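Both complexes below contain subunit A, partnered by subunit B and then by subunit C.
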Partner chain A sequence: MSLENLRLALDVSVFWEYRRLLLAGLAVNFYVFALAAVLAIALGFPACLLRLHRWRPLQWLGTGYAEFFRNTPEYVFLIWVHFVLPLLISALIATKVNFPPLLSAVLALGFSYSGYFTETFRAGILAVPRGHLEAGRALGMPRRLILWRITLPQAARQMLPEAMNQLVSLFKATSIISLITVPDIMYQVVQITSTEMKPLPLYSSAAFVYFLVIFAMSTLVRWVTEGWRTRGWA
Partner chain B sequence: MRESARETYANLSPVKPVVEVVDLHKSFGALEVLKGVSFDVQEGDVLSVIGASGSGKSTLLRCLNHLEQPTSGEIYIAGEPMGFRISKGRRRADSQANISRMRMEIGMVFQQFNLWPHMTVLGNVMEAPERVRGLSAAEAREVAIFFLDKVGLLDKRDEYPARLSGGQQQRVAIARALAMRPKVMLFDEATSSLDPELTGEVLDVMRALADDGMTMMVVTHEMGFAREVSDRVIFLHNGLIEEEGPPAELFERPRSERLRQFLSKILH
Partner chain C sequence: MGILSRTITNNFDKLLAGLAVTLEVSVIAFVVAVSLGLTLCFVRMYVKPLRWPAILAIEFGRNTPIYVQLMWVNYVWPDLFGWPTSVFTAGWTALAVQSSGYLAETFRAGIEGVRRGQWEAAYSLGMSPALTMRRIVLRQVAVTMSPSIMNQFLVVVKSSTLVSVIAVPDLMYQALRLTSIWFEPIEILSVTAFLYIAVVFVLSNMIKRYTDRLRLRYT
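And now, the complex of A and B:
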């Protein structure tokens, strides 16, 4: 009996049968991943500039922002954004507001990961040797020009490997969005499993699909950063 | 008294010194590194600054272009106050924009070269003429090529700095500073981080610059260079000018005991 269960659990033919639904689910994962990544970078960059600002209160603001999101589990934050935040907003503007699950997923993952990106960007910027900036100042370059021409291009190369690792883990994190009924691959698996009345057949397939995608991404990251290293960039 | 001496001097000579420093003080927290230094550099002169490490040589140089902000005292570059303005009889800090503008006239070469690794050699030299002086890309390129040729590295223009030897990198750094056509060049221990066999090529470039009539201030441990190339030498000790004069005098007949000790330590 247990052997029979094992055979079922590893049966990939079910995967083939439901391939369209599952691939549609995977596409949703990619969709959420892409939007959340853009949001995370778009928020992380200014937050990092705040952290590095000369004026103390702005530094504190940036630090507080990064620490808040880095130290809140994505899962808890996702639930909070989807169920609590709309209530808060409703109370504030006295109109009933609901977030579509897709929106909550993008917001939650985007904000969560912006905290990590803040730190990644900051480390990259701080890794640029002071002397390179002084050379710019000595030539009469204004602060903004130094930032765009000297600091950021070097920081970008410095932080790209780490930023790409963050993206890989952001993709992993998309596996929790089925909890708020975003129709991603895990959501499809759970749905199919419940209608088919077979307890486990598709989980192995889903795990395998995740593995393939993430493995492909990490390999790409390694391959690209290795190329930079040989050119003396990173 | 200083003030009146300077005015007298200014009246006598129609040409303002390229660099004029009056009673310069610089402290880092409780540590006073410069304790009241005054001197000037005339156009076309080469002034070497020697002294033990920790005597304040580099800090002095870095104050001139405000990479370090002086605690007190006055600096004039070609007669124009650096880093401060007098308005209604009161002295106040100058704007960043003005400080940046004046830095264009002051070339600086660092001990660590500080070339930008993500730009080619040509890119490094073109950057400031194009984006700070506002030359067109073609003009900036022309200027860069002229000065790369001058330091003998035209054939390396498309390389990235990481591919160059330390001596070559430093020569590019000199070309980068020259491309802004500064009124004075500051050399902050330009050969100190080079292997002995590479210092020669950099010193040769510096010597050629001096021969061309460039006004230079050179912080150095190379006593041979200071002696042959400088018009004047300043010996800095504990944040004060202990002795100054023409190199022949300073090196042959040091008056102060400290300079004598310093020279015997460094020359033997």
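And now, the complex of A and C:
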């Protein structure tokens, strides 16, 4: 290990020089993260209800959905959504369709993580004691009312810590969107590296920035959920 | 079907070779990650002066995306440490760095979950702390934590798709190369995705079966 190289790795001046671009990249990360999170939750919730439906075929459908997306590597799915899905849609509606990279990124991450959210929601709903549902039934509440008034409010608390951990994972996964040329922070770092030829400080600082952001997020999650746990909330 | 035979059947050996590389990278990374994770966990718990560096290493592994680590290990480490010297080594190193952090925390949770009485019983039989750790505690950790430990292998396999970015010739790399030769993304990428899903699905079912049996036998 050479000291000169170590000094170079810790030299953040290049990184500082490009701070505008890099911050803009980080903003793109957050943007994709937010959209994908909304999509993942919006898809995960109905899939979870399917998994818990009384009718068997619907259960299988929900289980298949969750298993499919949980078992697909995100990068493979991202590439597939970006390069294959538009072709399939084009063939289907007989007009040329192209996905902008940002759309592919949101779709791929949203669908991928909806599988995880399905499982998280399911665990939360199953954690609600059966007696509560039976009490609702005994009071003559219809199924839908039981779901909205009794099951979901309690399930929401149960699953919040896990759901927030999933969100942190989702943010981590946004780093791969640079591979389909979404101009996120990693994309900018690779671009700057190819013009400046200084991989040492650039990649090191990028890793450090990601570490800071994600560490802050997961610490916040731990801090918040511990507060809930001590109050017997979650 | 013409296209399928031209792009897939003719090149299936390449895809299979890629799949072999994927599994090779994942297995090496996982073995290294387990040993490294156990070491980090012990250092964190029992070596006071090195506690903070170990925590930093663990948290770094857990809190940076695998893609970023891959680029970092591949482009920065060779200049800093003169190692890794090949993309293959860089690939499994990055995967191992990531997983060792998660595994270290899994091991710690497992060790802390073993009841005090077990330690005391071993001590009262005259066993040394190291022997107790080996014979009593780690065996129980292996059983209670085997689902999380083995699921980490699935995470490694799924993350290993990214080593194609630094030109390790894994399944994804072969698929992207074939796509750029034949310009038939639909067939090639769909078959690739299917292969990955099949592999991960089979592995996850094997793991589930195995850990269920383990739990039935020992608890």
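Throughout what follows, the second predicted complex is superposed on the first by the 229 of 234 C-alpha atoms of A that agree within 3 Å, B and C clash if a C-alpha of one lies under 4 Å from a C-alpha of the other, contacts with A are read in each partner's own complex, and residues count from 1 in each chain.
Just so we're on the same page, a contact is a pair of C-beta atoms (placed from the backbone, for glycine too) under 8 Å apart; a residue touches a chain by one contact, two chains touch by 3 or more.
Source: prediction; values computed, not measured.
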Discussion item. Both complexes share subunit A, so when I overlay them there, do subunit B and subunit C fit or clash?
Written reply: fit
Item to complete: Could you look at A:60 and tell me whether it touches subunit B, subunit C, both or neither (first, second, both, neither)?
Response: neither
Discussion item. Let me test your reading of the model: by the given contact rule, A:154 touches which partner, first (subunit B), second (subunit C), both or neither?
Written reply: first
Worksheet item: So which one touches more of the residues on subunit A, subunit B or subunit C?
Response: C
Discussion item. Output check: A:143 vs subunit B and subunit C. Expected answer is one of first, second, both, neither. What do you get?
Written reply: first
Discussion item. Rounding to a multiple of 10°, what is the angle at subunit A's Cα centre between the Cα centres of subunit B and subunit C in the superposition?
Written reply: 100
Item to complete: Considering only the touch criterion stated at the top, classify A:134 as touching first (subunit B), second (subunit C), both, or neither.
Response: first
Fill in: Minimum Cα separation, subunit C to subunit B, after superposition on A (Å)
26
Discussion item. Does any part of subunit A touch subunit B in one structure and subunit C in the other, and if so which residues?
Written reply: none
Practice prompt. Can you check the complex and tell me which residues of subunit A touch subunit C?
Written response: 1-2, 5-6, 8-9, 67-68, 71-77, 79-80, 83-84, 87-88, 172-176, 178-179, 186, 189-190, 193, 199-200, 203-204, 206-207, 210-211, 214-215, 218
Item to complete: Name, in rising order, each residue of subunit A that touches subunit B in their complex.
Response: 129, 131-132, 134-143, 145, 149-150, 153-154, 157, 232-233
Worksheet item: Where on subunit C is subunit A touching in the complex?
Response: 59-60, 62-69, 71-72, 75-76, 79-82, 157-159, 161-162, 165, 172, 176, 179, 185-186, 189-190, 192-193, 196-197, 200-201, 204
Worksheet item: Inside the complex, what are the residues of subunit B that reach subunit A?
Response: 65, 67, 96-97, 100-104, 106-108, 110, 112, 114-118, 127-128, 131-132, 160, 162, 173, 176-177, 180
